[in-house]
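In what follows, chain A forms one complex with chain B and a second complex with chain C.
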Partner chain A sequence: MKAYFKFELSQFIKSKKNIAIYVLLLFLACFYALNIAPSYKPIEKVDAKEIEARYLSREAFLSNFTNENRFTGMAGYGLAIYPKWNWLDKSRLDALNDNKLKQYSKFTSEWYIYSNNITYGSEHFFYSPGYYTHGNLYASEDGYYGYLYSASRYQGYAEGKSKLSINVFEERTALQTLQRLLHSYLPMILMICCVFLTVDVVLKDRLNPSLLKGFPISDWKKLIIKGAVSLIGSIGVIVPLSVGLLLIGIRYGFGDFQLPVPIYSYSGEPSYFNKGEFINITMGSYLLENFILLIFCFMFLISLVLLVSMIIKNEFANLLVAAIFIFNEIFYFKRGIGFFYEVENYPTNYVQVGQILSGYRNYIYNSSALNLGNGLTALGMGTGVLLLLIFLISKYKRYKLV
Partner chain B sequence: MLELRNINVQFSGRDILKDINETFHPGEIIGLVAPNGTGKSTLMNVIMNYVKPNSGKVVVQEKLFYTSKKDEVKIHQIVSMMPDQSDLYNHLSGREHLNIYCSMWNSDPDLIDKTIADLGMESYVKKKTGTYSLGMRQRLCFAMQIVSNTPIMLMDEVMNGLDPNNVNIISNILLKKKQEGKIIIIASHLLDNLEQIADRIFLFKDGNLINAALVTNGFGKSEISTVRVKGLTNEVSEKLTNAFPRTNVLSLSNGVSLVDVSSFSVEELSQIVVFLHDNKLTDFSFGNVTLNDLYSMYYLKDATEYSNSANIQDLQEEYLRLKQELDIVKKAMTIVARK
Partner chain C sequence: MWKLLKTNLIIEKSSKKNIFAFIFVALFIIGLAFYMENEDVGNLVALKTSEHQNITSALSQFQVMDASKDGDSNELYKNLNEQQRLISLQRVAAKLDKPDLFANSAIELANLREDAFTLEGYEEVAVYLPTYTVNKLESIFYETLKTLDIPIFKDNLSFYQFLIFLFGILGSIWFIFLAFYTCGIMIEDFRHTSLIKGYPIPFDQYVAAKGISTMSIILIFIVELFLCSLLLIYYRGLGDPTYPVAVFDGNYEIYSIAQYIGICLLYMISIAVFVILLSIILNVLLKNMYLTLFVELLLFALPTLFPRMISLFPYNPFNYMNFTNLLNGVSLDLAHPVALNSTYGLISIGLSIVVLIVVANLFLSTGKLKRV
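Moving on to the complex of A and B:
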């Protein structure tokens, strides 16, 4: 088995297609680090001028309407809510000007909680403009999530020991960029790479049949080794990606593994009235959880591709079936359906690894069950079933792998 | 030991292998001779279990059958087949190929350098096989199997693309392997070479495996049994059979006629020489029936026999009849042994 593993690994490493995938990833990682990452504009950016403008306009209002008991309606409402809001903005501004970033974090966290309390469900106040994009029917919900996420994050900064900077606040450091990417399309890109790396791992043997058919090793062991090699190769995509992160780290700092990552979770069953809350975990824990869930996704995908390779023996069929797994959720996803269906049982719902682990998927599905444990169970059981089928087929006397 | 028991293979209703029963023993080189597409490769594929026979069994070392995938792995540790040169990885070097085979069969790593030296591959073994000529690739494939060092080796067209020197080198290695007690089964079209190295040679005809030694008188014997005459006309042939009633003459498609003199005394042989000289035939030689002759008389359709004795067809039929009887006896003995 060891000899066959070495042989397969050597084949994998020397494959021109695989080298092309790694080179392409390296190029994309560098392109992202040098071109896309610098142009990142966070919705919740640190903007002293914006805070100051907001503070001054509200301060002008408050100085003109000094006796709050004399005014009712919107003016009275303004007089009631602006003093604390402005005090928080002033405190943030002062902390920022004095470069007291811990204090800035503390007041900013409070500011987000206070702002959200006033803004959510309000007809007169709005979240940051970045949430109100064209066609987004859930801008207010996104704003709610974004504000409480920021509140929790800044609370973590205030209470934590990490070295703070504007780049940390705007989540521009290398580790935070990775966190943002895991929350975005990175898991899909990694899974697509995994599929492309695995797609021919069985079928390539058809090019050298007489050389390989007589190897004294069973088809089952061959397939397991091929799967293991694909898994190692898929994990290996971290190498070219880390070059991009290195470039980002040099420019914006690397961040550290103690940085807080807010996780959205429900204390009870989710409902319209029972909103969840954010709990901070460390960046190290979050990335580790992502890694574990990604590995399980890879194992599921690899098992799926191995099985299809055995049955259909066509690379395009492999790509098609794997693509269905990766992109299937797009076709049935609707916001809130987790309240009606047990979405946690579908392995296809765990493709957006970062969103699952941050709790965002729970938020938009209105479910509390899309978590690491259920993800590992669904993907693990799915992988187990696929491996069982592979085992049974490979042991069938008349079955020929090559 | 390798035993084939009642192997039958049919493709599209056509018999490719018909009731093959044969046993090969350690220290034997077996030659398989037949035109292309007559079942040589199929037989090897059956032995490797790449092709499932419609009926019959392959028995390895008296106890292993292809009954499960586990047994297949065990058998493949014992039986190997030479890879096809078109299946080599062009981006790998010859040495890398040898390393793969050595590690897969867990054989002695020293065998790699020894085989490279024996086959004279030192100058190119580190280069990628994509740069190799046909002969170099063929030698590498042979080396790979030698490095696997299995007790039973199957080699299909092993001498393809090799110059006479390399044919000689490979033949010597095969003879050494034979001395080590290996069973080597070779399918080849280099009949002279095969005749030199093989202990037993089998011909394929209509799905049957026929021992060449039983096909005709004089094959494989170290005595003068045949006069090979070029340009023997029908008229002279008739005169010859009339003058020497105990002989028979077989005209081959390549213009050579074989005169059977297997029971002739020295005086009679002298008279034959005189006869040929009198009839102005000077291109003749004494010897025995070669594999080339056998191939011509067996597979080339226009081989015509002018004979006053039993012809080849009769011999074949007799051979098959005896073989069937032998099989029946074997089966009966097996049943008795089981009881």
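Moving on to the complex of A and C:
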């Protein structure tokens, strides 16, 4: 069995297609690090000018309207809310000018909570303009999430021991970039790579059947070894990607594993009135959770491809079935349906691993059940069923591998 | 050659790959219809609500000032206030189902926006507003609606309306789909050389037969697109084939849906021929199905990854492979704007096809392949 494993692994590594995938990923990682990452414009940026402009105009208002009790209506409302708001802005501005980053974090966190309390559902105030891009229908919902996320993040900076800098605040360091990417399209790219690496692992044997007559191993064991080799190969895509991270790290710093990552979670059942709250975990445990969930996704995908390879024996079919798994979510996704359907039971719901683990999927699905535990259960049970099917089918002569 | 073509078609008929590709196309169309239904694509009230939000946050960039006609605020501020009023009006018109009011205020809005582009300080608020091209297309669209006196269509899932949306999406993925479908076009035959050797015809004719049989399957895919959409007639009705679509084909023009679909089909067919030839040549050169696929996808992605290339080499056929972006005038809004003309696009792809045929002929008759 060991010999067969070595044989499969060497075939896997020498395959032109697999080398091309790694080279392509290396190209994309470098392209991202050199071209896209520098032009990243965070919505919640650190901008002393912006704070100052807001502070000065409100300060002008406050100094003109001194007697609080004489004004009612909008002016009275302004007099009630601006003093504290302005005090926070002033404290942020001073801390930033004196380069006291801990202080800045502390007041910024408070500022975000205070601003969100006033802005959410208000007709007079707005979140940072970055949320209201042309065509975004859910700008204020995104703003709510973004503000409380930032509040929690800055609280983490203020209380934590990490080394702070403007790059950390704007989430530009290597680890934070990885975190942001896991929150967007990186999981999909990794899974597409996994599918491409696995797609011909069974079917390539049909070209040179005589080669394999020498290995007296049952089909079932062969498949397990092929699956293991694909899994190792899929995890190997980390290598080219880390080159990109290295490039980002040299330019913007690496960040550290103690940095806070806010997780959105509910204390009770989610509903229209009961919104969740953010809890910080460390970057290290967030990335570890991502890694675990990703590996479960890989295992599910690989067993799916192995099964389809056995039954249909066509590489195009492998690609199609795997693509359906990866992209299925867009067909039923709708904001808030998690409240009505038990979306956490579908393995296809866990493709966006970063968004699942940060709770963002819970927020937009309005559910509280999309978490690591349920994900591992759904994917693990799915993989188990697929492996059982593979085991049963491999006993039939009709579905012989070679 | 005809005998071989017949054999090829028989093989294609029973190919599992084709069966799965057919299932994929059908699933894609049905999925798209569900997606549109779920996301409520084209709901005017939701659209205008979000536009209202955008303009309000644009306005929040300014200090509050007197925005009346002879007030002391600057021109852009007045302009944006006026835009906000018109958008509110449109939202009411959409809610109360008053298409005339909607179209009139849309035209007024588009004119205001056009004025705004020249005003001082526009870059500060540009992100909240549509780009110049989008605005221009909207403007001529509503003007046509008004002159032709066509009511604004509300049901985006009726047959013809759905087709615009479908072909709009296809424009972005047609090349990718074809690259996946044709990347192994010759590989199967390299594996079963006895098939090739059984026919005493020159290799170039053999390749031609292969190309023609693949092309005929692709034509069936195109027919399938229409057949699957036909279901919507039963559920949502036929729609109106003369309904206008605003496109950029070198100038800002109005096409009817039928015309629009026509030009999309022309593009789809010429891209199909192009991709088949490219796949054949790359298959011969690289002898690997996946390498062919990756090279094709990379070529397709290059203009997107390096947008400067588009203005440097405007006649590169790969600039025209995403015909949705082409017809929406996306290249006009790049950092280095360039007006891509859809007729030149067809010519460019056509010329490339000729070049590819010549290359294929040279390659395939020099005996490089005969060793297979």
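FYI, the second predicted complex is superposed on the first by the 397 of 402 C-alpha atoms of A that agree within 3 Å, B and C clash if a C-alpha of one lies under 4 Å from a C-alpha of the other, contacts with A are read in each partner's own complex, and residues count from 1 in each chain.
Assume contacts are C-beta pairs under 8 Å (C-beta built on N, C-alpha and C of every residue); 3 or more make two chains touch, one makes a residue touch a chain.
Everything numeric in this text was worked out from a predicted model, so none of it was measured.
Superposition of the two structures on chain A shows chain C fitting alongside chain B with no clash.
Once the two complexes are overlaid on the shared chain, A:Ala20 sits against chain C while remaining clear of chain B. Once the two complexes are overlaid on the shared chain, A:Met74 sits clear of chain B and of chain C alike.
Between the C-alpha centres of chain B and chain C, as viewed from that of chain A, the superposed structures give an angle of 80°, to the nearest 10. In the superposition on chain A, contact is made by A:Arg398 with chain B only, not with chain C. In the superposition on chain A, A:Trp220 makes contact with chain B only, while chain C stays out of contact range.
When the two complexes are overlaid on their common chain A, residue A:Leu137 makes contact with chain C while staying clear of chain B.
More residues of chain A are touched by C (comparison of chain B with chain C).
By the touch criterion defined above, A:Pro129 lies against chain C but remains apart from chain B after alignment on the C-alpha atoms of chain A.
The minimum CA-CA separation between chain B and chain C in the overlaid arrangement is 10 Å, rounded to the whole angstrom.
Within chain A, the residues touched by chain B in the first complex and by chain C in the second are 207. Within the complex formed with chain C, the chain A residues making contact are 16-17, 20-21, 24, 31, 35, 57, 126, 129, 132-137, 139-140, 196, 200, 207, 312-317, 319-320, 324, 330-334. Per the touch definition, chain A reaches chain B in the complex via residues 3-4, 6-7, 14, 207-220, 394-395, 397-398, 400. Within the complex formed with chain A, the chain B residues making contact are 48, 50, 52, 67-70, 72-74, 76-77, 79-84, 87-89, 91-92, 100, 103-106, 144. Looking at the complex, you find that chain C touches chain A at residues 16-17, 20-21, 23-24, 27, 31, 34-35, 38-39, 46-47, 49-51, 53-54, 56-58, 60-61, 63, 127-130, 180-181, 184, 191, 286, 288-291, 294, 298, 305.
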